[in-house]
Amino acid sequence: MSEEDYEEDGEMNGKKFLYVNRRGPYGTVYALESLEVVLIGAAFEQDVSLAFMDDGVYQLKKGQNTDGMGMKNFSPTYRALEMYDVEKLFVSKESMDERGLTTEDLIVDVEVIDNAAMADLMEDAEVVLSF
Amino acid sequence: MSEEDYEEDGEMNGKKFLYVNRRGPYGTVYALESLEVVLIGAAFEQDVSLAFMDDGVYQLKKGQNTDGMGMKNFSPTYRALEMYDVEKLFVSKESMDERGLTTEDLIVDVEVIDNAAMADLMEDAEVVLSF
Amino acid sequence: MKFGIQVNEGPYQHQAADSAYNFAKAAIDAGHEIFRIFFYHDGVNNGTRLTTPPQDDRNIVKRWSELAADHNVDLVICVAAAQRRGICDADESKRNGKDADNLAEGFRISGLGQLIEAGIESDRLLVFGD
Amino acid sequence: MKFGIQVNEGPYQHQAADSAYNFAKAAIDAGHEIFRIFFYHDGVNNGTRLTTPPQDDRNIVKRWSELAADHNVDLVICVAAAQRRGICDADESKRNGKDADNLAEGFRISGLGQLIEAGIESDRLLVFGD
Amino acid sequence: MLLHTVNKSPFERNSFAQCMGHAKKGSSVLLIEDGVFAALKGAANESVVSNAIGDIGVYVLGPDLNARGMTDEDVIDGVKIVDYTGFVELAAEHDVVQSWL
Amino acid sequence: MLLHTVNKSPFERNSFAQCMGHAKKGSSVLLIEDGVFAALKGAANESVVSNAIGDIGVYVLGPDLNARGMTDEDVIDGVKIVDYTGFVELAAEHDVVQSWL
């Protein structure tokens, strides 16, 4: 099966990909390299969802400023996901609460779901990529 | 200052080195490579102490058998430490208790100390190497 | 059944590379197919031929090369991750103006699309990491 | 004051290499001396000259090389850890029968005794890792 | 159903707790690498595992268990020990594998 | 006295808790990298930090804090923000540095 076949098949035949992000940004490269996969993967027209839980919710925190540290601030890229038709961003309610965060603190629109709904999302996926 | 000077100075002028081991064996290479530093370091005749806490206490667990996994079982090396005059092995009481372990489970003789004594040991060190 | 495998960590530092190898071996022995093993993040460090592990230790890179040779397993190194970490084949080396290359036998360097494809084509995708 | 620094993780994967660099730079700027930076475990991967990071990202290996050149900082790669992970200079490469080497400028390969010596000679030893 | 894998110690990281909090009835959890420490009798997490057994299947990778000096006798009742072949079978029997890294 | 450094999130790993459990009166703790998450107001670990302040000095590395989208206002009262120069000063002022890796 070639890449063209997928495009012809369209969304209906796409697999359900779930990207699970559980780490903060900058401390490790996982957040950045996860984002790179999502952007590349968008061209494959699968059914993509992103889950942010644990310290992964910090990836979406507003106001990131890396000037003093020498790394690139990649958080604006999350705002570009929409242009790639990556629109299903889920955030763990329990993880937000534990950190005293609200959706006001986040750089993009997300759907806040509780652990039970997160568990359903995971069970519903066909491919889970963990970073 | 050359290596010879240290040897001439003898133990009195040696620095107090503390090696802190907080990870289990095999899951990461830290335990093995920490042991390699200790063995090499023994030639420098410093005042060496080893602390095992958290999952680090599992490094000393009896009966390690790596046949099914393809890695080398390096736990017998802990028994060789004595020959290198590395004799001060401290183990965290709280970490042992949390894991349901007793000194009977360990491959070498150790001194079990509580958190307060462990904190004193750390404050008393002149160089702390963490793995 | 077709398995895809992602490896996120380099050799020796974490057990991930060992677990991934042992899983792949067991899957092949059980008659399954490994569609692809994709090395991402520090996982790209599994693909250097310059390692010289101690004689009494396992040779992780060599094991991968042998797996590729014996069972025709597709070992793919992520190009973006590899560039950050200094893993390159002769082509990549030349393109980036380097004076040497270090890719081990049986590995090839390609893009992240290969990971997505592994997710699509494999019946199961497993991730091994830290 | 004399500082010794141990780096346990490679470039990009963990912030450890960045933190160690920023600390070393600040120490030098404040008039202190860096006795030695010792790269252990995956930290040895900081010493490969084959990296090509993205244009808009920092070049971690180059930063180290420049630190060595500008301030005469002793950058030591642990030989045992380097052999496991595929970091070698021309001598090591030849000794181990390899056809290439990858050590970056300003680094040298030596034994673990160099770490112990850093502990003895430095007023403070700091460890950066995962 | 999902096969969850956990490769880190429950004493060191939160991944085991999060996995158990998200594993639905009928799914399975396989403990590998330093994750095997969650399978041990007499350790602080014992009740989390023993309470979950029945609703979810809990497995531990034998080679990783043995490497750390533990045998069948050290494992919480109801936890099943598998080898790599069993790991492959578990992955094949479940629809999707989620690694709690 | 010791300078303790913690570089991991208190939500993910046990190193922050262990550090606080071993930091003696008069010693200092510096939060760097993902360790800065322990310095934040309104998060689950706030009381651990606020109760310790006074007995021990608690510092957070500003550049690492800002990178993660936080500023002075987000930090628990009494936690002091330092830059890398301040990190170097702290290391010099204390006798020994212990990294809780």
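When the chains are written out, they are named A, B, C, D, E and F in that same order, and each has its own residue count from 1.
In this section, a contact is a pair of C-beta atoms (placed from the backbone, for glycine too) under 8 Å apart; a residue touches a chain by one contact, two chains touch by 3 or more.
Everything quoted here is computed from the prediction, not taken from an experiment.
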item	value
Any chain that touches subunit E and subunit D	A, B, C, F
Interface residue overlap between copies subunit C and subunit D, same or different (over half shared)	same
Centroid-based (C-alpha) most distant chain relative to subunit E	D
D-F compared against B-F, more contacting pairs	D-F
Chain separated most widely from subunit A, comparing mean CA positions	B
Intercentroid distance (Cα basis), subunit C paired with subunit B, Å	34
Distance from subunit E to subunit B - Cα centre to Cα centre, in angstrom	29
Centre distance in Å when subunit B and subunit D are each reduced to the mean of their C-alpha atoms	25
Sites on subunit B at which at least two other chains make contact	22, 26-29, 54, 69, 71, 127-128, 130-131
Numbers and ranges of subunit F residues touching at least 2 other chains	7, 11-12, 14, 33-34, 63-64, 83, 96-97, 99, 101
Set of subunit D residues in contact with two or more other chains	8, 12-13, 15, 22, 41, 57, 80, 84, 125, 127, 129-130
Listing of all chain pairs that touch each other, if any do	A-C, A-D, A-E, A-F, B-C, B-D, B-E, B-F, C-D, C-E, D-F, E-F
Interface residues, subunit E side, partner subunit F - complex	11-14
Residues of subunit C touching subunit A in the complex	6, 8, 40-41, 80-81, 84, 111-113, 115-117, 119-121, 125, 127, 129
Subunit B-touching residues of subunit E, taken from the complex the two chains share	7-9, 11-12, 33-34, 37, 40-44, 62-64, 66-71, 83-84
In the complex with subunit F, residue positions of subunit D that touch it	1, 3, 8, 15-16, 19, 22-23, 25-27, 29-30, 32, 123-130
Subunit B residues touching subunit C - in the complex, by the definition given at the top	26-29, 69-72
